[in-house]
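A quick write-up on the structure given underneath.
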Amino acid sequence: MLNHTSKSVLRYALVLLALLAALTPVYWMLTISLKREVDQFAVPPHWFSFAPTLEHYVDAFVRRSFGQYLVTSAIVAVCSTGCALLIGTLAAYALARFSFPRRLDRKLSLWILSTRMFPPIVTAIPLFLMMRDVGLLNTRASLIILYTGFNLPFVVWMMRGFFLEVPRELEEAAMVDGDSRLGALRRVLLPLVAPGLAATAVFCLIISWNEFLFALVLAQTDAAMTLPVGIAGRVTQYEIKWGVMSAAGVVAMLPILVFAMAVQKYLVRGLSLGAVKG
Amino acid sequence: RRNEPQSGKTLTLAVNSGVEGDALKQAALDYEKQTGVHINIAEFPYANLFEKELLDLNAHTGAYDLIMLDDPWFPKFGKQQLLTELTPLLESRGQKGPDADFVPASLALGREPYQTGALYALPYVGNSQLLFYRKDLFAMHTLMEPVTWDEVLSAAKIISEQETAGAPGGGKVYGYVMRAAQGNAAVADFMPIFWAFGGEMFDAGGQPAVNSAEGIAALNFMLELGKYSPPGYASFNADDVGAHLLQGTAAISINWPAWISSFSDPAKSKVIGKMEFTAMPGAKNPGRAEIGNWLIAIPRDSKNKEAACDFLVWATSAEQMKRSAERGNPPTRKSLFNDPELVKKFPAYPAQLRSLESSRPRPRTPFWNEIENAFGIYLSKANSGELSAVDALNQANTEIAKILERGK
Amino acid sequence: MDIRFEKVTKAFGSAVVVDDLSLVVDDGEFVVLLGPSGCGKSTTLRMLAGLEEITSGEIFIGDERVNEVATQRRDLAMVFQNYALYPHMTVAGNIAYPLRIRKLPLAEISDRVARVGALLEIGGLLERKPRDLSGGERQRVALARAIVREPRAYLMDEPLSNLDARLRVQMRGELKRLQHELGTTTIYVTHDQAEAMTLAHRVAVMHKGRLQQFDTPLTIYDAPANRFVAEFVGNPGMNFIAGRIDTATRAFIGDKLSLALDTTQLEKLKGVAPDQRVTLGIRPEHVHVTTNESSDWLPASVYVTELMGSETFVFLNLGDNRIIARAASEFRADVETTVWIKLDMSRAHFFGSDGKRL
Amino acid sequence: MDIRFEKVTKAFGSAVVVDDLSLVVDDGEFVVLLGPSGCGKSTTLRMLAGLEEITSGEIFIGDERVNEVATQRRDLAMVFQNYALYPHMTVAGNIAYPLRIRKLPLAEISDRVARVGALLEIGGLLERKPRDLSGGERQRVALARAIVREPRAYLMDEPLSNLDARLRVQMRGELKRLQHELGTTTIYVTHDQAEAMTLAHRVAVMHKGRLQQFDTPLTIYDAPANRFVAEFVGNPGMNFIAGRIDTATRAFIGDKLSLALDTTQLEKLKGVAPDQRVTLGIRPEHVHVTTNESSDWLPASVYVTELMGSETFVFLNLGDNRIIARAASEFRADVETTVWIKLDMSRAHFFGSDGKRL
Amino acid sequence: MAVTARARGIGSDRNLAYALVAPSVAVLLALSIYPLIHAVTISLHVSAGGLSRWSFGNFVRLVSDRFFLSALAHTMIFAASALTIEFLLGLGLAVLLNQKMRGRGLFRAGLLVPMMLPTVVVGVVWRLMLNTNFGAINGTLQGAGFNTTGLTWTSSPGLAMISIIAVDVWQWTPFMFLILLAGLQAIPQEPYEAALIDGSSAWQTFRHVTLPLVKPAILVALLLRTMDLLRVFDQVFILTEGGPGFATETISLYIYRTAFRFSAFGYAAAMSFVLLLITNIISAFYIRVLQAREL
């Protein structure tokens, strides 16, 4: 309450500083995507005044098939995020709410986590061979499956933590009211962990959206080529196509940004207010 | 002709995303129009293309009917028998082999063993290093086109010391710009000097000999040259070098022909018409460039070898290669280097041909990647001042020895 | 639906909180669970609801053994001691929830919600979120959520504890009516004497997880099975005077006092050995007190008086016993002064040294 | 430390929940806030504690205007109606927290915690987490956390609501003693008649956010300022009989009844116009009832009787008035039978049509 | 209050529990078992002159491999520094943006942007900005009149490490921020009111109420971030390729070269197991220290 204003001024100052730090490079990237090569290296750099050109965007999305990569990326990201959230949340719920015999739940949680510890570089080849043998090589399906796998540990651990935070009474009430466990999960628990769910979703989406190595290994033709691989292709043997990469980067960023904007409103104060006495 | 390519067929190409790939892409479109054979191009970053192809071919997926290879990769593919021998396919077309128009140095790259062995790939892009320099500055300071490394050094010295504000935008012009990033970059810029100073990777017994007296002299010379290079060159790659040249902040460098067209592109270049290109300078030995050709081969597991071969022959034919040349890729055919139209467009072609014919491949060992990596790290360390030339080369030598040891 | 607990025990780790509980609640009966804080009342309800696993023993609803039956299939309605409202739903949403799950037609749902809302005087709050409610309002929402359905049984854990006296009397009446109309078996935890007395068909008194007495309210009050019940039920609880029975003088001999016993009482107390310690219990309302001296009344000194408005509690020192008398609201007496009291021996209770009623 | 509310108003959006409240609590005074559920008691405490912004008006603690003072610096201790325990701390941790942050020596902390724990009979639970406690135990932890300190004032929001009668009487005593010893100003919200009567120096009765009466418990009980107070305080509340004053017959005339008035009363009622409606109020304990006919008593028919054990409430139809009489526990009468009642007119209250006391 | 006692599996529920975890377990098994077996076998093979045989050679080679050891060291330095900074910054921002303030939504979304860019792009953009001679940073500094000689960001061994740490911090602090914010949001209001009443200062409240209650989120954040940091690949690969010299070579980079460039898969796998072991130890440590309640 006291010196309310001065406090909030300070707060704004700090936040804006952080924003500046976060967004300057992005703005720079934006300018690069609109600059001709000569201007990109100008010293001192042109932050604001330069002759903009859409050349690089045209190059990326008209001359090259980045448009198609974008679609593939979108499909893969959305599907894998969806799957991961779905099955991961269920598992998280079980691990948070049931006590398995012989501490099995503990072991499971740890194992699930550990699947994320192995460096992907080494698993890439066996997975490549696996996909070859099941005939999924060079398909979007293969990427969806893989990314679901990558995101699962995260989803499970994240959501498990949030479930543990929710007063158990609420669920009990739901079940006494005759709701099935899953019904209670859907109608009571999930709305209450919306912040966690939102954060998790954003993160999963980002991971699958930007994954590079496996996309590279599993794609054989444009059929399954994702945006990051396409973008990386602009680092050529002799030069780096800064403009095209930035242009693609800008475009790649937008969908996620929109999504983040959309879900961030769920990042609101936890709702267990007034729920239970104690 | 017996196997007329029947339309409706599909070929899949793995190409390097870059000018070479783009050229082949264009060609593919034309080919499709002509023959109705659909050509499916898969572009991959240069940094990963090798791994990608190796993995895929080893896994026998048969996904690709044709692949582009940078020549240093070839020994690995050759040794592991992953490619289709071309001669039989050519003979089945009534050719006894590749025609004589190919530059021998380039064609030799596609044979395993080198020069003498069976033919597995045809050269498509005839890169070999050139010495780039700013003729305007050279003229200004009354300097001759350098033919020895010492001349390069003194020229670099003079320009560095005098052109402190000569760059567009008023910056300093560095006499020389080299790339000493670990790995490929450092090695590529070092090899010409190394060879010119009489160094050899391996002695007669096949043992590593980079730390020979000549080697040490060469590296010391490189460091000397480094004094006139922009700060931080120890981490430079081709793009940094290109940027410096295009921005007019450096006067001399070793680089690849692929850059030549850029200098006349106003969207990129601040030095239009000021660049000159020439063959490698020499020292104790005559100058020899490192060759860096792009080859095209047919994987063993391709299911359309015939059709693939048809395309290969077509794409490397004189008239197609001319189109690719017009798109900025140095050819691998003598006839094209001497083609008046092209020479008019690319005045450096004579120089390039000379350089190409006298060029040397990187040592042809399947462990080249590993060796280049280790060697490059120490070269880079020397250039960044972490190690003295002697220590760097000694350590490099032992590492290389280890690698060969493991290979046995 | 009748409910049976058979030798039910619940232990958290080593701590036994419900101990060998056997209890039969008849169909349509209204049973009140009474007991000190922490004696295991909520746990008992929670086991019945299937929210706590039963350590040993069996629970039956009707003829069905429900030990392994999942909560949602037991079809019970429960008012949680700590409300457990759904914070993200409006009051209406909270109340409607159990109906929505049963896929009732929307019209009926809103209709029922409105009715219950009006009944519990929260009709005006239906669109609020729980966090915008007062304590008592929250409690009423919790109650509403339970009574909006017609389950096999109601379990209510101190459903009125946060309501004001007036509202509580009123709600009490409504619950009684409701339960009477529907005839739904109800188990009801309360700490409020009046609720227990007015609502219960039978009262079960628990102590340290053990059932002490299970009988009609009046019996519990007028014939407590042991000292604990006698002291716990009634507010203030029963007075106790230590002493022994002297068959010779046909009297109860305590510290500095001797109280004559009538034949029936002597009959009851025949079994008691002369030297055995006996405790006499008598309720405050059976201790008559007056300020003006009167023969054959006992003198006692006033320790303190508590004015309740409607009545006055007089704390007295009688010998080395401290006893409480209920007096009219007009009664006044200064501390330390001597007053005269009379114990209505016809209403006296006697307990053996084991605390059991004699 | 004395506490002053001056014209304090609190509105949530458009809803005014505390309305122009002015109240002065003297230093060391024990004030009980009484009022129906949702009348604004908790909000009042929360404003005093600085947990709710004040919409208008001023609050003073001592001479300091605290409207803008941050909660931490008001140095008050509060028992929250919903406990608000720290879920991650043990009981001991919860109780110790206010001391720990005041950097008291560990020895003293543990010593104090132990003392308070013993006092509230949660000594055995100190190592438990709140989630492993029963409702009453949680409430006691909340209480312990407040009384472990010596703040400028205690704010207690129904601190005993979930405790059993016995424990409540006991805690009541402890709180009274504590407050007496420390002389700490205390504002205490309760719905329990007995607590209000026994603990309070003064009782503030609120209704719909407005202060109705602020006076000593007995005054509140014996001279309620208006009908609301009269009905709200007392359990069951006061009986009301509508009628008018007939100065000629010096009597109160109601439906089928006429009650003689004495001079003092007539004095009081002089101002009342003959035709003006007047309400007579009389408390159940001042309605004497007997089954055996007696002259000059009024006949009334029994509607229902409620047996409380210690006493019996008799609901009667007197003309078209429903009145309640308090009778001894032995009193029995069947429904519909006629009984005879006598109103102790000396204890009658009269209220004008505006509900104000005459 | 957050009641987190575990539901006692009642009857059919236990089967439900298994049914719920089954899909996740299935997917992860499918994706991890085969690769693991594969990795174990190849790591226990060395190929000498064409034919390969069982041997511990790869693991023996580890201890004598200078490149490996220094790569390990680099990775540790990198991970430790980046993690610390990211955690502190992320926590600070989360706390900052946890309170109500106008435009909070935009700020939050804005702060997440760095994480949304494809890593390749991040690498490239920073590489461009950090460029010693043409980079925006040095350029702007010079413009502001600073002397930037010596600020050869990615080009000198010392600065290069700092540069890649800085870039990682820039890109991944939002991750910490996001998770911790979500964690903070899940904390109920009541304990805070109690803390105010008990007179605890903002800091004390943070220390004694907020931190303990947000532990689960912290745990997850640290765990996942650590794993990813220890496996860091893309950024470094684009930014410095491990250079100059070997200054910023991380384990993953080295594993990558070994596996793909030099086709020494066995040795790469062997190195991976070391990394796996380290990650395991660290994770176990976190869990022991931070596990708010029984797992």
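The letters A, B, C, D and E name the chains in turn, as written, and every chain counts its residues from 1.
One rule holds for everything that comes next: a residue touches a chain if its C-beta (ideal position, glycine included) is under 8 Å from a C-beta of that chain, and two chains touch if they have at least 3 such contacts.
Owing to the predicted nature of the structure, the values given are computational and were not obtained by experimental measurement.
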Task: Please state, in steps, how far chain C lies from chain A along the shortest route of touching chains.
output: 1
- request: Please identify which chain has its centre, taken as the mean of its CA atoms, farthest from the centre of chain C.
  value: B
- prompt: Most remote chain relative to chain D, going by C-alpha centroids?
  reply: B
Query: A-B or A-E: which has the larger count of contacting C-beta pairs?
result: A-E
- request: Mind checking the centre-to-centre distance between chain A and chain E? Centres are C-alpha means, answer in whole Å.
  value: 14
Message: I'd like to verify one number: the distance from the centre of chain B to the centre of chain C, where each centre is the average of its C-alpha atoms, in whole angstrom.
response: 94
Query: Just how far, in Å, is the C-alpha centre of chain E from the one of chain B?
result: 37
- prompt: Using the average of all C-alpha atoms in each chain as its centre, how far is it in Å between chain D and chain E?
  reply: 59
- line: Expected list for chain D, residues touching two or more other chains, is 50, 70-71, 81-83, 85, 87, 130-132, 135
- prompt: Can you list the chain B residues in contact with two or more other chains?
  reply: 47, 55, 243, 247
- prompt: Which chain A residues touch at least two other chains?
  reply: 41-43, 125, 129, 167, 169, 181, 232, 235, 240, 272-278
- prompt: Hey, which residues of chain E end up touching chain B in the complex?
  reply: 48-49, 67, 131-134, 149, 152-157, 160, 237, 240-247, 257, 260-264
Message: Quick check: in the complex, which residue numbers of chain C touch chain D?
response: 12, 34-38, 42-43, 81-82, 132, 134-137, 140, 157-158, 161-169, 191-194, 197-198, 217-218, 221-222, 231-237, 283-285, 306-311, 326, 328-329
Query: Mind pulling up the chain D residues that touch chain E in the complex?
result: 49-51, 70-73, 75-78, 80, 82-89, 97-98, 100-102, 130-132, 145, 149
Task: In the complex, go through chain A and note every residue touching chain C.
output: 167, 169-170, 172-181, 183, 187-188, 191-192, 271-278
List of chain A residues in touch with chain B within their complex: 36-38, 41-43, 55, 125, 128-129, 132, 137-138, 216-217, 219-222, 225, 229-230, 232-240
